[in-house]
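Just below sit the structures, each encoded as structure tokens.
In the two complexes below, subunit A is the common chain; its partner is subunit B in one and subunit C in the other.
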Partner chain A sequence: MNYHLATSFEEAARIAANAGGTTRFLAGGTDVLVQMRAGMVLPDDLIDLKAIPGTDAMTQLADGSWQIGVAVPGARLGANADLCRDWPGVVEGMELVGSTQVQGRATLTGNLCNGSPAADSVPGLVAAGATVVITGPEGSRELPVEEVPTGPGKTALNKGELISEIRLPARGDNAGDAYLRFTPRTEMDIAVVGCAVSLRLDGDKIVEARVSLGAVAPTVLLVAEAADAIIGTTLDDAALDALAAAASKAAKPISDKRGSAEYRIEIAGVLAKRAAKIAYGRAKGDNK
Partner chain B sequence: MAKDGLNTEFRLVGTRPNRPDGLDKVTGRARYGADFSLPGMLHGAVLRSPHAHAKILKIDTSKAEALDGVKAVVTRADFPEGLEGEDWNLQENTMAGDKVLYDGHAVAAVAATSKLLAEEAVRLIEVEYEVLPHVIDVDDAIKPDAPVIREGASDASVPEGMPPNVVRYMEFGRGDLEAGFAAADLVRENTYKTEATHQGYIEPHACVGQMGSDAKGEMWVCTQGQWFIRKMCCAVLGLEASQLRVTPSEIGGGFGGKTTIFMEPLSLALSRKANGRPVKIVMSRSEVLRATGPTASGSMDVKIGMKKDGTLTAARAEFRMQGGAFPGAPVDMALYCGFAPYKLDAVEHVGYDVLANRPKCAAYRAPGSPMGAFAVESLIDEMCRELGLDPVEVRMKNAVREGDQSSYGPKFGSIGLVEVLEAVKGHSNLAEPLGPNQGRGVASGYWFNHNGETSVSMSIAADGTVQVSVGTPDIGGSRASLSLMVAEHLGIPYEDVRVNVVETGSLGENEPTHGSRATFASGKAAILSTDQAIKEMCRRAANEWGIDPEAVEWADGAAQPAGPNAGKFPPMSIKEIAGKMGETGGPISGHHESLPEGVGASFGAHVVDVEVDPETGLTKILRYLVVQDAGRAIHPSYVEGQYQGGAVQGIGWALNEEYIYGEDGRLQNPIFLDYRIPVASDLPMIDTVIVEVPNPGHPYGVRGVGETGITPPLPAIASAIHQATGARLRHLPMTPQKVRAAMKAQDS
Partner chain C sequence: MSKHHVTTTVNGDAVEFLADPRETLLDCLRDHVGLTGTKEGCGTGDCGACSVELDGTLVCSCLVLGVEANGKTVNTIEGMASGDALHPLQRKFIEHAALQCGFCTPGILVAAKALLDKNPDPTEEEVRYWLAGNLCRCTGYDKIIRAVMDAAAELREAA
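On to the complex of A and B.
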């Protein structure tokens, strides 16, 4: 195995583009190092990104939007009061990844690139309308987060491409987001279903919404029908029922050791209702 | 001091000093299995079967052997032939012979100069398999068309004509069952199933083995029983027991799972082939789950007759259990324990020990008893609900007492079930009001406890401090409890006693720390050893005083004249006697070995309150109470720890833990992410009440407390979920998905 310490994303992309066998990028390492230890992945080239300037930076721009470096660990998201105020759903999704110790290393970008449909930080990013900047041999491009995963363990990144930054839009007023996952245990578990809701109010009425589901399809889903079910409503019982029905309808899960398809479909609806209520409350100024 | 019966006033027994091994463990200084290393040491890795059941057609190790850094490769061809019985089972489980019998079964092993090289070499070994049909579920394994795991594996207990995977059969009981059921107002019969679970000890198996061409060897290993390791390794490898010296490491949990061998003989076989270089093998978590010894899974029919007032009239149990591809499922223990809390005049037990394509089961905390309790206690609760009876009162009404004949035969000596149930009734948890979607469950549990071969030595150092050598690894605070008892007995400070867990060369045979026996058996032997040293110290004092040794007694840490007639001498302290023992006759020590008599059984009862999320089926434990008879709690904190630990393992078994197999017979969840042991945030603080009905068979009344506590949670939680949801789950684990499905079935 060759270990490379890249000093720029362009250099990392070049090394990856020229590599022959299995290539892995290393930032937090909480997936790749564990996979290497378990013998699941034995990379020929391991490209460390942590020495690239800016990878540990988290910045709010003048327009209110956010840039999050690829090596910023989850623990720093939760410690940033401004980010927690703007995007509590994104933060709580990331904070569900692993344990406190893992939070010291694990990153949003890594969780996204691992390509798991059950990744806890991804639905929150999707609901938030986050994008990623991708650097490759041909230059840079920007992609919505929901277009990054293409299947379990697979991403839209081409050979030589890597994510160089995550961008969260400006939050704006009267808005809130939330992420909930269902697991048999309270911690250290993997989502049977995950659901994030982001919405904006005008008075009591929802005027914008995005709903995302995890662990119910080969990739995290952005469910427009679920958002439509609550836009224009005050999240009354009828709207919640319509939301649950749309979420359940969009869920196309498999049955596996973590849950049957039937159960996941049902829970998708339950979580959508609960997450929407929290997001709504936050948009109204609840501090939870 | 205990000869006249049981003391109730103690200086140290019943106090809560820090454990002697505590500082080592919180600072990382304690040496666990994987911490041990030797110069020139090699690292081992094991090739394991990806198939549940397959013929091994060919193993080609040439590429592995050619890899630079590889020093030895072993297969079954490196083991002696002709073993029989359990020795053959152990050897076959250590390394597959003609067939692999489960996913994870060892096929070959490599020793190399690094762990990475050993793992790379393992990947270079080529094995040709002919995959065979497999069977996983116990009820499937006894179907007529089930794949036969091993012809001729059945012992003489199995009647002619039974399916070939039934390898042991038992039936026993007494009384007129038919008349008993006829006398009942309500007779109910149901089937209950439990899934295989793993002990889930934090520390994976680890050892360093060294074996020369002279057949002399040493092993450093994480185990509950160094003599068992010695005996089993020697049987499997054809060695002489006394030529292998086994030293136990500190142990990060065992719960019964470290009372046998898995990869330990492989390190010795590899070392022997690598010219005696020591070989370290450390299992990964996935290897632990796939290839060590989980408990059995069970399918159990229970039938009970009850009168309107709750009196039990008759009971019948028919249990089927698979313990993997070898005999040994604890179906007998499950049957013995199932009805043990109840006074019954008519009772029948039938048991089947069945083979399946799974790893060879090992002991797990009260082996069998939790399954038996799940079936019996669940049905008792269902019948109490049907008749509108209080489940605690019904248990009290039918409770066994001293002198009663147990359901499985022997008469009970002193036992504390009634006292336990009284303590349950008086506990404030039972008065807590329940809200919507909440329910309360009660269940009893039982474990025999065990004596076992025991050999202990103690000696007095020249400064008057004391060392005790025991053969039972300290898995639950036994060094603290043994130190307390010896210090109490000698009348010296707790800190003046050091208890060492020693290697096989230091003592006679000791059974492992199993059967909740360490504080009882090693404790009793330590006290009897101490008596010898006390007698000798009294003799030395008598010599100096010029009086008869019989006229000297031991009190408050010193030899004293036994009475006014003995003469007037100032007390001669242990320090004084020890300081001059070199001139007064040499070392002073004591030794005792026996199968200590007087084992005291332990009953317990648990009360659990749950809340079930009606939309997801998720069960939250709100409150949990453990009440159990300890006989005497030598160190109450570690008794409470055992109660809490047992309850938590039972909660995991009840709610989420299970071995999940795919259609291909491979274990789907060999990782703690998907094998769901409860985490701290899943649990409330577990409340405990220590009931003390002293065991007359032990100088301080000790019974043994380690195992009973895992037994009641399974049925108690099922009953609490029933009350919370109206749905009765009879198949563990009660995952959110299964609870939700049961609730929906209830609604429709």
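On to the complex of A and C.
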């Protein structure tokens, strides 16, 4: 295995584009090293991104939007009070990833690019309308987060392409988001279902919403029908029931040892309701 | 397979070693630096026996490559006592019988110290969540939590 310490995204893209065998990028390494250890993925070229300037930075621009570096670990997101105030749902999704030790390393970008349908930070990013900037041999392009994973372990990145930044839009007023996952254990477990909701209010009425589900399909889903079920409502009981029905309908899970397909479909609706209530409360100014 | 020359500071001492890029920091500490206090339980980030601080952040050394430690500071269990004087956490673990086989103990001590350095007055719940990535097959955890709470109280009095 060749270990490369890239000093720019262009260099990292060049190394990846010219590499012949199995290539991996190294952010926190909490997926890569586990896969190496298991013999699942033995990279010929491993390209460490953490020496690239800016990869450890979180910046809020003048318009209120955020740029998150690709090497910022979960623990640092949680320690950023401004980010937690703007996007609590995004942060709480990432903070559910692993233990304190894993939080010291694991990144949003790694969680996204590993391509797990159960990745805990991805529904929050999708609901937030986050995008990624991709650098490749042909220059750079921007993609919505929901278009990055294309199947378990697969992404829309072409050979030589890598993510150079995550962008979160400006939060704006009267808005809130939330992520909930269901796991048998409260810590150190993989989501049976995950759900994130982001919404904006005008008075008591929801005027914008995005709903995302994890672990119920080959990729994390953006469920427009679930958002439509609550837009224009005050999140009354009828709207919550319609939301749950739309979320359950969109869920196309498999059955495995963590839960049957029927169970996951039911839980998708339950979590959507609960996450929507939390997001609504936050939009109203609740701090929880 | 070319080896990489790695320069680090381990428990305050400058340390150099040659690492195969596939070797973890845990392998390097144990096999090249000769510090075997850091243990390997799972090798996959699940048990916390390999916990160390890397540039002041608590990590699993089995999930860090040796080459990634180049130019960084590593603190291991060997750096915890001052000479023969045990750290209050170490003393309280003995007093409370917070270990049986002891395999998880170095990792838990390093992790608990990282918590108390950051938060000298944690609630029991905070201690339990902080240590959720440190598995112990022997003690049932209660004695560990009590030892950490007691050490925290003693450290606060001394401060």
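Things worth noting here:
Following the convention adopted for this analysis, the second predicted complex is superposed on the first by the 288 of 288 C-alpha atoms of A that agree within 3 Å, B and C clash if a C-alpha of one lies under 4 Å from a C-alpha of the other, contacts with A are read in each partner's own complex, and residues count from 1 in each chain.
Rule of thumb we're sticking to: a contact is a pair of C-beta atoms (placed from the backbone, for glycine too) under 8 Å apart; a residue touches a chain by one contact, two chains touch by 3 or more.
Note that the structure is predicted; figures quoted are calculated from it, not measured.
Of the two partner chains placed by superposition, only subunit C is touched by A:Q101; subunit B is not.
Legend: residue contacts after superposition of the two complexes on their common chain; A:A75 is shown touching subunit C, with no touch to subunit B. By the touch criterion defined above, A:V270 lies against subunit B but remains apart from subunit C after alignment on the C-alpha atoms of chain A. Within the superposed three-chain arrangement, the count of touched residues of subunit A is higher for C, of the candidates subunit B and subunit C. Touch criterion met: A:M188 reaches subunit B and subunit C at once. Judged by the touch definition given at the top, the superposed model places A:V133 against neither subunit B nor subunit C.
In the overlay built on the shared chain, the residue A:N2 is in contact with subunit C alone; subunit B does not reach it. In the superposed pair of complexes, A:L46 makes contact with subunit C only, with no contact to subunit B. Shared-chain residue A:A261: touches no atom of subunit B or subunit C. In the superposition on chain A, A:L33 contacts subunit C only, with no contact to subunit B. Where the contact sets of subunit A with subunit B and with subunit C meet, they give residues 38, 187-188. Across the complex, subunit B is touched by residues 38-39, 182, 184-190, 192, 256-260, 263, 266-267, 270 of subunit A.
For subunit A in complex with subunit C, the residues that touch the partner chain are 1-3, 5, 26, 28-30, 33-34, 36-38, 46, 48, 50, 73, 75, 98-102, 104-105, 187-188.
Within the complex formed with subunit A, the subunit B residues making contact are 119, 284, 286, 615-616, 618, 655-656, 660, 668-669, 672-674, 676, 678-679, 681-682, 735-737, 740-741. On the side of subunit C, the complex with subunit A involves touching residues 1, 4, 21-22, 24, 43-46, 48, 51, 54, 57-60, 62-65, 67-68, 111, 114-115, 129-134.
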